[in-house]
Every structure is written in C-alpha cells, then in structure tokens.
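Given below, in the form of structure tokens, are the structures.
In the two complexes below, chain A is the common chain; its partner is chain B in one and chain C in the other.
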Partner chain A sequence: MLAPETVLHPHPSLVFTQLDDTEAVLLHLDTKRYYTLNETGTRIWELLQQSRSAQEIALALQDNYALTDEEALPLLLAFVDELQQEGLVQQSSAP
Partner chain B sequence: MRPEVDLLLCCADTSIDAARAERIRTLLRTDLDWGYLLQTAGRHGVMPLLSRSLHTGFPADVPQTILEELRHRSRANAARNLFLTDELLKLLTLLEAHTISALPYKGPALAASIYGNLALREFSDLDILVHERDYQRAQCLLSTSGYRLMNAFEWESTYLNDSGRVAVDLHQRMTPREFPSPLQFQDLWKRRQQMALLGTTVSTLSPEDTLLMLAVQTTKDAGTPYLQLARICDISQLLRAFPDLDLTALLRKSKQLGGERMVLFSLCLAHNLLGTPLPQHIVQKVRTQPTIDKLVVFADQRLFNCGERGADNQWSINQFRWLARERLRDKLLPYYLRYVHSVLVPCSLDREFLALPHGFAFLYYGIRPIRLLCKYSLLLFKGHLGTRIS
Partner chain C sequence: MDQRTIPRGVKLIFELTNRCNFSCVHCIRSEDGPYHDLPMTIVNKVLTEAQAYQPVGLVAFTGGEPTLHPQFAEIVELVTTHGYRFTFVTNGWNFPQTFTKIQAWKNSIESVSFSLDGSSEATHDTLRRQPGSFRRLMQAISLCHVQGVPVQLNMVVTRANRDELEAMAILAGRLGCAALGYGHCQPTPDALAADLVLNARERREVETNIAALQRMLTMPIVLAGDHYTSARFSQCPQLQMQEFNIDYRGYLTACCTLSNYRGGTTDTDVLADLHSVSVVEAHRRLITKIAQLNLEKLERLTTNAPTETEQFLCTHCLLHYQKVPQLAHILEPPARRSIAPTEEASHARA
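What follows is the complex of A and B.
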C-alpha cells in the first residue's frame, strides 16, 4: 500500500511526449516498449515529473477534476499500481 | 482536386478556423476513399496532423475504424520519434566529446522548435550538419560507434546503426553541389539557437535559417517524389510559431545569398495550398515577380501526382530549377558540373586506367579525354551508350 508521503519518480529511462490534449505516449528506452496515457494519466505523469508526494498529487487531482478525497486517492493508487507493475516509476519517502 | 486531397490540405495544420472546419465537415459527408486518404497522408508525412485534427475536431464524423487506425499510427510514430530523439542526443554528445560542432536540423529539432511537440512530425532519419573540416572525423566516429556506411555522396553520407533502427544523414553541406545552398555551416553556427530536446539543451538553426533551409529543400525537391506536403506544413507552422520573424530582413539576406526566389516561392506555395497568411509586403513583392507564380503552379500541379508524368519529368525539373535560381552562376552550375567538369576533371578511374608517378598528375588532364573517347566509342559501337560520364 502506498503511503501518502511517498514521493514517486518516473523511471530515468522513460521519455514522454503528448499526442494532443487527451493523450500522451511514454517510451521506455531500455525495453523499447511504449505506453499511452489518457488525459488523467497524462496529468498524473506531469505531477510525477515534479517529484510530488502521493498526497500532493491526490490534492492536485481533486482541484483539477473536482474530485473528492475518497475519489482522488483510489484513482491515483490504481494508476500508480499499474505503473509500478510495468516498472515505470520508482518511489522514495519524502524527507 | 480529389476530395481526399482537399481534406488532407484542410487537416494538415495545428490550427483550424471556423471556415475551414465547415469545409472539413462538408468533405466528411462526401463518399471518401479512406484507404487513399491514409496512403496519401503517409506518403506526405502528415498523418500525425491529420489524426490530431480529426480526433480533436470531428470524431463523430469519421468512421471509428479510421480514427483507431490513425491513433494507432500516431502513437507508433510518437514512440519512434522519442526513440530517434534519444539517439540524436547520444550522437550529439559523442560529437561534442570529440570537439566536433554539430547542428541537428529537420527531424526532432524541427518538430520541437516549430510544433513544440515531437509527435506532430514524421521523420525516418536524423540529419546532422558538421563543418566541412570536421566531416571526415565525424564519419570515422560514426563508423567506430556502431554505424555502418550505406551511401557516400559528395555532400552527405548515410549511415544505419547495427540494429537497423536508426538512419543518420551526416552532412558537410545541405545540398548536392549541383544545387548550391546559400547556407554554410560557419554562418549557421554563428546564428545558432539553443533549444530543449527531452530536457537536454542542444544547438539548432535559428528560425530565419530554418525558413531558408525549408525553402531550399522545398525548391530542390519540387517536382520529384521527395517533396512532401509535410515540408510545406513546416513552413506554415514556422510562421505561426515565430510571428515576429522579420521577413523583410530575411528576404534581404536571402537575396544577397541568391535565395530570395526560393523563399518567395515556398511562402507562396504554403499560402496557395494551406492558406498560410502572408504579410502584404510579401504579396506585393510576389506580384512584381511573375516567375514565382509559374514556380508555384509547377510544384502545386505535381505535388499529388508525382511520377505520373513520364519522361518529361526531368526536363521539367531542370526548367523549374533554372527559373527558381536568380543568379546566373547558380543556374549554370549544374550544367557546368554535368557537361564540363565531369568531362575535363580527372577522377579515380583515370588513375586506375594509367598509374603515373607522383609529380606527373597534371598529365591526367590529357589522359582523361583519351580514356573517355575510347570508352564511349566502344559503348557506342556496342549500342550501350549511357548518359553518365565517369
């Protein structure tokens, strides 16, 4: 289970570009596999690039998409879980 | 004009106004050959722009399978562009580590500088320009870094890496000698600009030089299958991305370099095909040069039906290039190289024909006509006379 203070970072071998306002593409340079992100996934990815904690990202999602705390955190956790399974993010605890 | 081509021209842009959106809706209601549209978008390198325009503005008017196909191709293109951009950064680091100044142009550098998005252009190789004095060193470096030489021309070498996934065009000049470019490395390097590519700062051409480069490439390729609509979209997008571009100063400079007509032609082609707005002073300047209209008509007519014109093609291209150059020396140079230089100046075949001691090399100027006379008399006798003299 991801602790709220956990800081997530994109894997250093990942590069990212947006297709348009609703979709983005991630490429893992080591595996040469690519992944697509929808609009919310893209927003979360942008926040991950800023070395924010899970709690901060959940708060930003609440602001951006008018979500409640109960909605934002599970959404984030489910997404991060998928990213971790693919080895796309690394985590560290906030200082 | 086929409705598919009309639709492509309307969609090959990053900004679509109300009038154009209405035109697109009208075209989407006609009986379109979607296979032809996708094929033409691919041939002209504008599939990412087509995909983005249709997805963003008209998803309900396009068959779902077509939208999915476009999306699939766009994602694959974006992933490939990211991969190639990373390879470009590695190559630039390698060249820099060996004190070779290099300017990436077209490819990722152009996508990032004018579209602000690596996914909106298609590119299959990486173009890197180096100073002529560093060219051989850069060639050696590529050869010892996992790149295999595929072709060597007098102006560029093409390489493919060991995995076969990365093609590099290493240039010491931007164009072949017979189509002289007004852009020289040392001047481009002085005017270079910094830009970010995947978070790394790299040097590339200034916006003014980028426009001049695009104009040269468009003129060089007009009438041939190498000219893609994407090149003209780049010109249009560059004007949008850099609205403060001083076109008056650019035209003045390009005139000094013998490239004014190429710039005017390219701007007018973008205006005719894509509706790119041009400043009034450019429109007035074009009116005083009726040649520009002829050049635009030539390129416009051949852009979507290149290769269907048969044997008159090369003759027409020669005529086009004659008109597109404003200085007599630029007009005459291809003919000089083809019919004078290639006949008189000795080459490696002459040295193979007769090995002379060092210090007697001047005699090859006499040996060459004799060798050519023997060779082509023999070919004429056998009925195999070719067109290339070597």
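What follows is the complex of A and C.
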C-alpha cells in the first residue's frame, strides 16, 4: 500500500514525449517498450516529474478533474501499481 | 498493395537547406556559408517538368537539416499535391514541432530517416557533439511509433562506433523501426583528422558484419552508397539515373554525397542551374557527364590497376570531382599508402 507521503520518481531510463494536450508516450530505454498515457495518466506523470508525494498528486487530481478523495486516491493507486509493475517509477519517502 | 514497397520511378532528392543546428565532425557537408534555403519555385519546377517525361517514385528531403527550411511544411504540401510520397532525413532535435506542421500529410510519409550514430546515449551524443540529442531522438521515434509513421535509422560507421553495429540493429528492431541503414564515414579532412575514417580493410570487415546482420534479421538493413565492389564499372543509383540530386541553391549536381562536400573543391559537381535551365537540359548534361566519368575510369584502369581504396564505389567520383586530393590510397593503412600494392592486397583484388 502506497503511503501518502511516498514520492515516486520516473525511472531515469524513461523518455517522456507529449503528443498533444491529452496524450503522451513513454519509452523505456532499457526494455525498449512503449507505453501510451491518456489524459489522466499524462497529468499524473507530469506531477511525478515534479517530485510530488502521492497525497499531493491525489489532491491535484481532485482539483483538476473534480474528483472526490474517495475517487482520486484509488485512481492514483491503481495507476501507480501498473507503473511499478512495469518498472517505470522508483520510490522514495518525502523528507 | 503496400504503397511502401518498391517505389516505381526515379527518386528526386532535394537538399532543402545547407543550414544545420548540429556540428558533427563526421558530416560530409561543409559548414561554411553563405547559407541558402532552396526556393520553393525550384521544387515545383522540378516536380512539374520531371513528371512530364519520367515517372517519379519518391521525393526525398536532405540538407543540412531539411526541417529548418522556413517553408518545410509548404514544400511537403506541394509534393503531396503532385501526388508523391516523401521521406526526409533529420537529426530529430526539433521533431515534435516539425511533425505538428506536417501531420496533415503523414499518410504520404514513406519514412522518416533519423540519424543515429550510436546504440548508446554516450556514443551518439559524443559523435553528434550535442548533449541530449539521443534522448530527443528517442522522443521523435516514440512520436512516430504512436502516429504510425515508418522510421528508418541511419548510422554513419566511424572508428568510434564500429563496435556497435549489432547493438544498433537490435535497438532498431526493438524500437519497431521499418529499416536500418549503415553508411561508411567519408574521408573529409575533418573526419580524417579526428581519426574517424576506417581504412579499406576495416571497412570490408564492417561490410561483412553488416551482411551477417542482413542474414540474421528480417528487418531490412541496407549499406547506403559507398561500399566495396570487385566490379570495375559498378553503377550507383546516381550513375544509373535512378536518383537525381538538387542542391540548396537550385543546382542539379552529380550526387548527394559530393554536394557541398566538406573540404572539397566546390561546384565541380554542379551540372546545371535549374533557375535558368530546364530539367530535360539538366538531365542531358548529366548523361554527358556520366559518359565522361566512365571513359575516364576506363583510361585509369588501362594505365593502373585500381588500389584497394579505388574499389569502393564513391572513390572514383571523389577523385574526379576533386573532393579529396590524393584519395587513391587514402583508405589504406599509412604504411601502405606510399608503396606499391602488397601481394596480399593484389590477391584480394584478383
């Protein structure tokens, strides 16, 4: 379970490419696999690049997409779980 | 039928500009100004006059960095209006912005040829003298992947990256590229001074390794342009008139390799100024020049056995057009350059 203060960082071997306002693609240079991100995934990725904690990202999602706390956190956790399984993010705790 | 298979007709190559945002030591193009962008009127004239008497299969844009042409998108539109598919080379540095401008015609893109000179970030960025260029290129390739635009990777093989041939092929395959091209680093003064140019024996080893990769992988792998040949009158696509090169000033030139060659005598390869000469007349001059080249080659062969260097396809033209002086032995190891061919070398030519 992801703690609220957890900070996730993009894996250093990832190349992020914004396609337009709503889509992006990730390329993992180690595995050479591509991952496309939808609008919400792209927004979360942008926040991960800013070294925001899980709690901060969940709050931003609530603001951006008019989500409740009960909606935002599960959405984030599910997405982060996928990112971790694919080795796309690295975890650290906020100071 | 897949429209990308075997374009029927000639290939028109337009050097859209001699400007570039990179400064690679191994580049064949001179960095000296003045800088020109090919007028769009010349592109239109060539397309119109050429298609009147011969089928055009493909239009290619080179440079410099062709995407720096201020009317790049308009030229792409013009080409597609004529009904042609197109391809272009690029270092990929500004690709997202470029692609946004030409996205409307993406279905007419035969392929985008990205210049990638190393399978690793360190090798590519060092050779390109541009930190971050590898990652920018990977962004460009990602964009093409998602947009369904075919990608070809082109690698100039130098002393600094010749150990990465196989890694490059694996990289291209795993990135989902449509094709991979290798090309020998040409003997410009700068590339020679930087010790990037392989000698004839090393080049042939590279070619053997590329041939092995061609056998192993299903992805098309080509060795572009210059390569070893035992034939005395081997004809490249330019000499076969399958490819025509129009330089950034609007001149028909003998070949894309010779054009604006770094450190070489300028304009010896210019055949016609298309501002004032028709495409048919320019073509006529090309035919005459090709005949002259073959006659000169015949004379050389009847007076001297070719050196190992001269058995590489581009050497005769580089000599003829005075692009590199004293070239006849330039690809041979230093100890051998000043002496007669060794027994081993003679045996290799037999």
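In the analysis below, the second predicted complex is superposed on the first by the 95 of 95 C-alpha atoms of A that agree within 3 Å, B and C clash if a C-alpha of one lies under 4 Å from a C-alpha of the other, contacts with A are read in each partner's own complex, and residues count from 1 in each chain.
Methods note: contacts are C-beta pairs under 8 Å (C-beta built on N, C-alpha and C of every residue); 3 or more make two chains touch, one makes a residue touch a chain.
Since we're looking at a predicted model, the values are computed, not measured.
Novice: Fit or clash for chain B plus chain C once both are placed on chain A?
Specialist: Chain B and chain C clash in the superposed model.
Novice: Between chain B (first) and chain C (second), which does A:Tyr34 come into contact with in this model arrangement: first, second, both, or neither?
Specialist: Touch status of A:Tyr34: both partners.
Novice: Should A:Glu70 be classified as contacting the first partner (chain B), the second (chain C), both, or neither?
Specialist: So A:Glu70 meets neither chain B nor chain C here.
Novice: Quick one: classify A:Asp21 as touching chain B (first), chain C (second), both or neither.
Specialist: first
Novice: To test your reading of the overlay: chain C has the stretches 145-153, 235-243 or 307-315, and exactly one clashes with chain B. Name it.
Specialist: Clashing stretch of chain C against chain B: 145-153.
Novice: List the residues of chain A that touch chain B in one complex and chain C in the other.
Specialist: After superposing on chain A, chain A residues 15-19, 23, 25, 27, 29, 32, 34, 36 contact both chain B and chain C.
Novice: Which residues of chain C touch chain A once you look at their complex with the stated criterion?
Specialist: Residue positions touching the partner: 96, 121, 135, 138-139, 141-143, 145-147, 171, 174-176.
Novice: Tell me, which parts of chain B touch chain A in their complex?
Specialist: 48, 51-52, 55-56, 71, 74-76, 78-79, 81-83, 85-86, 117-119, 198
Novice: Per the contact definition, I'd like the list of chain A residues that touch chain C in the complex.
Specialist: By the definition above, chain A touches chain C via 15-19, 23, 25-27, 29, 32, 34, 36.
Novice: How about chain A: which of its residues touch chain B in the complex?
Specialist: These residues of chain A touch chain B: 15-23, 25, 27, 29, 32, 34, 36.
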